[in-house]
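We just call them A, B, C, D and E in the order they show up, numbering each chain from 1.
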Amino acid sequence: MLGFVARRLLLAVFVLWGAVTVVFVVVRLVPADPALLMAGETATPEQLAALRAEMGLDQPLIAQYLQYVGNTLTGDFGRSYTQFVPAMDLIAQVLPNTALLALLACLLAVGVSFPLGLLAALRVNRFSDRAVTTLSLTTQSLPGFWIGIVLMLVFSRQLGWLPSAGLDSPQSLILPTITLALPFIAILTRMVRSGLIEVMGEGYITTARSKGLSERTVIFPHAIRNALIPVVTLVGLEFGTLLGGAVITETVFSFPGIGRLLVFSIGVRDYATVQACVVVIAVAFVLVNLFVDLLYGFLDPRVRNSR
Amino acid sequence: MTEPATARVDSLEGDPPLLRVEGLEVEFSTSAGVLRALDGVSFEVRAGETLAILGESGSGKSVTAQAVMALLPQPAGSIVGGRIWYGGRDIAAEPVKQVRKLCATEIAMIFQDPLSSLNPVFRVGDQVAEPFRRRRGMDKRQALGKALELLKRVGIPNAETRIRDYPHQFSGGQRQRIMIAMAIALKPRLLIADEPTTALDVTVQAQIMDLLADLQAETGMGLILISHDLGVVADVAQRAAIMYAGRVVETGSIREIYDHPAHPYPKGLLESIPSEGARGQRLTPISGSPPNLLAVPSGCPFHPRCEFAIDVCRTDVPMLRRPEGWEAGHEAACHRSEEVL
Amino acid sequence: ACSGSSETDPPEGEAGAALPDDQQNLTFVPNYGWAGSDISKAPLEIGMNIALKQTLEPLVTLDNEAQPQPHLAESWEWTTPTTLEIKIREGVTFSDGTPLVSGDVKGTLERYLAQKQALHAVLSIITGIEAPDDSTVILTTSAPTGTLVGVLSLVLIGKGEFSHAEATAEDDEYWARPIGTGPFVITDYVPNDLFKFERNDSYWGEKAKLKTLTMKQITDANGKLTALSNNQAQAVQNVSYDQFETVEAIPDVTLEQFESLSYYFVWFMNDRAPLDNPDVRRAMWMALDLPTIVESLYGESREVMDSFCPAAAFGCVPAENMPTYDPEGAKKLLADAGYPDGFTVDIIFSLANATDNALAQALISGWKDIGVTVEPRGLDAASWLAAFTGMDWYMDFQPNQTPTGDADYTLNRLYSCAAARLGYCNPELDALMTQAQQESDPEVRLDLYQQVVNIMAEDTPAIPLFSTKVNVAYRDNVQGLTVPPTEFINFSTVYLTE
Amino acid sequence: MADSTPLLKVRNLRVAYPIRSSVLMRHIGDNVAVSDVSFDLHQGETVGLVGESGSGKSTIARTIIGLVKASDGSIEFEGKDIARASWRQLKSIRREMQMVFQDPYASLNPRLTVRDIIAEAWRVHPGVVPRGAWTSEAKALMDRVGLNPDYSDRYPHQFSGGQRQRIGIARALALRPKLIVCDEAVSALDVSVQAQVLNLLEDLQADLDLSYLFISHDLSVIEHLCDRVLVLNRGVVVEQGTVDQLFDNPQDDYTKRLLAAVPVVRPWLEPT
Amino acid sequence: MTAALPPMITTTPIATPTTATQTMQRARRARRGVKIRITVPIIIIGLYVIGAITVPVIYGFDPLRTELVDRLKPPGTTLSNGSIAFLGTDQIGQDLFAQMMMGARVSLAVGASTLIFAGLAGVTVGLLAGHFGGWMDTVLMRIADVQLAFPAILLAILLASVLGQGLTNIIIVLSIANWVVFARVTRSQVLALKNREFVEAGRALGAGHFHLIVRTLLPGCVAPILVVATVEFGHVILAEAALSFLGVGVPIGVPSLGSTIQAGTAYLTSAWWISTLPGIALAGLVLATGVLGDALRDFYDPTLRGA
């Protein structure tokens, strides 16, 4: 078990290094010069040169890279070019919001999709299955921002039940959570359904039935635990996407989150903040997947010793 | 075409049979059409007796077992005719839920494939203990105690520690024993063993067959042994039913069938076995290939491969019958049993 | 609910009594975001000005006639044509209690100058800054200049101790979350999201009526109006014309429009063929049916211009010979210039403003009708700036402001030979503009600017499209909210009633 | 037969599956599946390999055919050491050595027609049969193994178990090998089909002078088919000899146990 | 335990025809359903393709043209040029139906090209990783993880600024963001196939890596890849809409369904048709591919296919 974790950690470091390097390279491929953005359209070449020196942009790329990796290792992501505070401070302001949002969306998705998927799987090809499948397909077929805006117009504008912008109260989380969770619910429901259908055809389910167990006991825990295994992996992968992909929801609901910070920082070419955001998102992704791997090991004893 | 089996008066023993299958018909719907997997299967088993079901691959042996246990794959397969008498009830007519209550306590089953039949994510101890907990309402500790006893009984070494292991940590033979432990947990009155030793080598196979025989001697349970290994069957079973293309083509005592097969299929089967002492001799297989269940030949399904076939075989479906002068209970579904003998 | 009024509402309105103090909390959704919070690095960013002017104050403010009025400066005087002596108001303290002294003004000006930002062009005439005593600042300029005091309205005074020509990290940190003399104190700032203010209870002037003020950025059009309708925001700036109906349908909300100093233009790269031919540029102008475009896209919220800077600014007099919509004439001009089949050029614009897409498309459609193919190049704000300053374009289209409220600021800064912005240089025009800058008699200046815009209309270095009005939709219980032409809203007089 | 050079010469074969550390995939130990196995196989001879499950039968087969690397010892095919053969030599050795797999269905690519399955070998080894002759050759082979050549465009799932096994054999024959390794080639078949396949193997041997290495756990099949037998227990050959020696007069304990466990078809005929 | 058995009662009716036939009917219906679920979506997608190709031509649609006097006209309005806009007009006065079909053209093109590029890359990576295993697998799959951990939106925005707005960018970004799905699916399928004996059989024939990968493994992966492709097609089209929402989508003059929906959201309360009608069209398209994907999955699922 310990070796398993160690191996996972090692690979995680590799993934992080990859993300860190990619963001460094990609950010520097962009033509717009952060010094120019800071200095404005009237800046003279000397001014720009001075600014670049100050920002360390005049150094050879490889030196910048080494410096950057070194700093990142010590947890120093540099100062924001535009906000003049450590980039990490900016992230610390908004990361908890997005993390909470993603977590709530995840919980909601799991909480809703399991019963739905179960219902559909146990009544394959009957009405309830068709209804659930159609509903989830439809949900998946609408753009997320459109769903968000419509939810907002209905629940905030028309009914006036829920706040539509910012994060002032717990109620402020409801609409963004639903918006973020909906497509996820759709995927997960279908995943749970197909996973369960597959499992229900396995030999051990027949064995369980042959023991005279009630259909309920056959499903809980025999079928469900096996069906969970692929679903858990998906949740892990999607959670990473939720973190990085909350931008749309955050924009619709003017939610102070890391997605908007990232987009904004890219807009103003705030390298330090962009890099820090990406590292944070990558770390979250890696941690969640590490956790998922462990959970996987817990759920499926076959992977525990063999890997 | 179908033969509603006439209730035959049993002349062998006075006891009513434990299980009696009459004219069982099972169909599967597949993308290629409806497939009749069982077409009028009839047989019976008594307490303490071992009935062997033999037959080639795909002849419907496993499906018969599944039908009895109400375990046919849903929604593809269903019973479309016939009766399954157990304890005075026709369980073919009862809802699946009702039949399941008989499972494990009355009828239990050992499956063909021991790896896929054990749940990979639960400890074997828990799986073996499950019948005690769920059906007998024992608490966990008590049930595990019972499970341990059983595992020792079926010969799992170090059962005390291994009870906490998972299925994938056991060898094929051990898994098969765990399956047996689970099946016999509640001392069923009838055990159906579907090819319990196919995947195992001869030494392990012998151990398992001994185990089953011991159990039977102890509790007097009836045993249906499904196999295609004629040798294994001969060791343990008293009677046999031989299946071909979803029908029982011959039944009777093992010895009668082996020594005087009255149907060309069992006859051909027996002749195909490489016989000891005849090293290097050419084998004599049955010519032709197995029937396609989606297009079963008319009349006697075996006729295209049968050297005895005459015109009537191509048109009329033969019924199980006991020709004059045969031992009681030995019946064959062949128009020309007399010639075959 | 749309009134065109731009005069200040009476502070005590007709509506009910003011809400108790702990309910005097207002959320305002501004039209502009803020890329940062250091105003000295972007002194002309409207969004940052709106936010930071609640905390930091200038020496002078402009009145509705764009004339400077005393603020932190009690008075000023040109002691020589190139020496300006400013008296600092007595008794002003920063919100942390330290008094405002001339050193703060000196430091701030030095920082602004050192940043060499957008204001540099107009501030660089200052050659010397002295603070002989705590309440006096003396500025020396390189040449007589009538507009300097007006420009000072754009300089927000921070603490001298954190303002050096050679900026330190502490300086930058201070300016990012400044402590100022204004009516509000910054309590929270989330980049790109919100500014939170609290009343400065030790403010030197009339204390703010609001207890707290939040400026929240909401970019989505539906989000803005929804926030207004469910009272998450009490005022939102700049509702698009197409949404007017929707706003009017929201109960208890008023929509009000104000004159502003903002406008839109299309720039030509005047030295790049085929746009180096004034007739071609003129044809391009004549291809645009601006009245129809403005009328249908913006209704009365924007106005076709008759000059090269917004009419609300001083000196932006109507040009006498502005081209008008005439596609046939345009085609003829093109044919005469040697382009009977038209040509292909590009137009760059920043994607920051979503509504510009429709406008860009309308312009392109117009040009297409005279046979000119214009390829749209929408760029994100940063890339646009890079492309723009790199002069890598034929045409550019963007909004602009004249925050000093004086034609000099826009015309001289953009169209002089020295500006070298759009390949345009006309020495005759330069001479007139320099003259106008140094002149202090308004009548003479107006006359000079008349000549300037007439020449420009002839040369057509750019097409002024329309000037914009600003509008604010606010809940009926918001009192005292007015938008000056600069759009720098003063929230200290705003309050809420029941 | 003993004096001719053997077709296949296995000496001191040792196969170990490496156990790798979980972190760096470093090699930290060995799981020895086969140790010190030596035997010869001559042209035209059938050698049987028996032993309990997990005793290393498949491992030996796979090593000979080159799917697994030997960790020690040598395998010489027609005097050429497989371990030291270049990639090109190995390819030509593979032409001479083929394998029939245990599971007839799993070993046939479900997406190819019978013709393509057989022609696969010619695609891999260009020059054996010209492309234009593939169809006719494949049909000839099908005919040879007793499959209706008209079925050449059918897919594996359209055949019965015995027929599938024949397809496997036809594929193995496509390159006209000298040696065919049969890993439990008949274990999954029922006795009558099994008999068909065994007859076929014998016929082919007679016609083409083939050699077989025949792996099975069914001793009656071994007894029927093989000339010599090796008994394997835990990776070690515990006994080897001709069929007669072994079945009539087993020496090793394990062999005796194995033989004793074989069920008899008609136990009532056995003297007790 | 062995109590005497009660006497047999022979009055029970033979078998249970009702339930039995019902089950059979359901099974047959399900299979017939699969065929319908495959053909109907294909027809619908075909209609979209035909519409996307012909309608803009019939209407002489010029995406850069504006007809400002005809702005925001509701469905069925007669326009200034006498024609009837039966789906209304948008905010620049273009006929919404022509605009939608033009948008469908772009969306379909984006979806198809992305699938081709992402599919090619992902399948290649999946084949290599699965076939060679070992460090090759580790490295390739970690690169895939890096990709997942790296926010795609960052890439989109950065590419848009490097290359300028354009379809090419969007296709590149979406391809980069989507190859991982193909890689993962292909790899897992290869891993499943690899242990099948027919692959070993190929190896025993002396087949080289190329032969094994291309002729043996690849054909075995086609079914799951096809399924993923149909699902991803929908995802890609929606992702393009999301990019439009964030301002890095298609340029003006190249309207996609997503960008039309996005631009129309501002008018949801006043001119609902601009966003809603293309929204329905988009949902229809995505739904069709989603249903097709599900049906294909069922079609290829041996447990549902029967013997």
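Rule of thumb we're sticking to: contacts are C-beta pairs under 8 Å (C-beta built on N, C-alpha and C of every residue); 3 or more make two chains touch, one makes a residue touch a chain.
Since we're looking at a predicted model, the values are computed, not measured.
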item	value
Distance in touch steps, counted as few as possible, from subunit B out to subunit D	1
Pair of chains joined by more contacts [C-beta pairs], A-E or C-E	A-E
Subunit A and subunit B, separation of their C-alpha mean positions in angstrom	53
Whole-Å gap between the CA centroids of subunit C and subunit D	87
Whole-Å gap between the CA centroids of subunit B and subunit C	91
Geometric centre distance via CA averages, subunit E-subunit B, whole Å	48
Subunit E, residues touching no fewer than two other chains	26, 30, 157, 161, 265, 268-269
Contacts with two or more other chains, residues of subunit C listed in rising order	220, 222, 225, 380, 382-383
For the subunit E and subunit A complex, residues of the former touching the latter	26, 29-30, 33, 138, 142-143, 145-146, 148-155, 157-158, 161-162, 234, 238, 241-242, 245-246, 258, 261-262, 265, 268-269, 275, 279, 282-287, 290-291, 294, 297, 301, 303-304
In the complex with subunit E, residue positions of subunit C that touch it	220-222, 225, 240, 242-243, 245-246, 249, 292-293, 296-297, 351, 354, 357-358, 360-362, 364-365, 368, 376-380, 382-383
List of subunit B residues in touch with subunit D within their complex	56-57, 171-173, 200-206, 209, 228-232, 234-235, 255, 258-259, 268-270, 272-276, 278-286, 289-290
In the complex with subunit A, residue positions of subunit B that touch it	66, 69, 71, 73, 75, 97, 100-105, 108-109, 111, 113, 116-122, 130-131, 134-135, 166, 168, 179, 182-183
Parts of subunit A lying in touch with subunit B, wherever the complex brings them together	124-125, 201-204, 206-215, 217, 221-222, 225-226, 229, 299-302
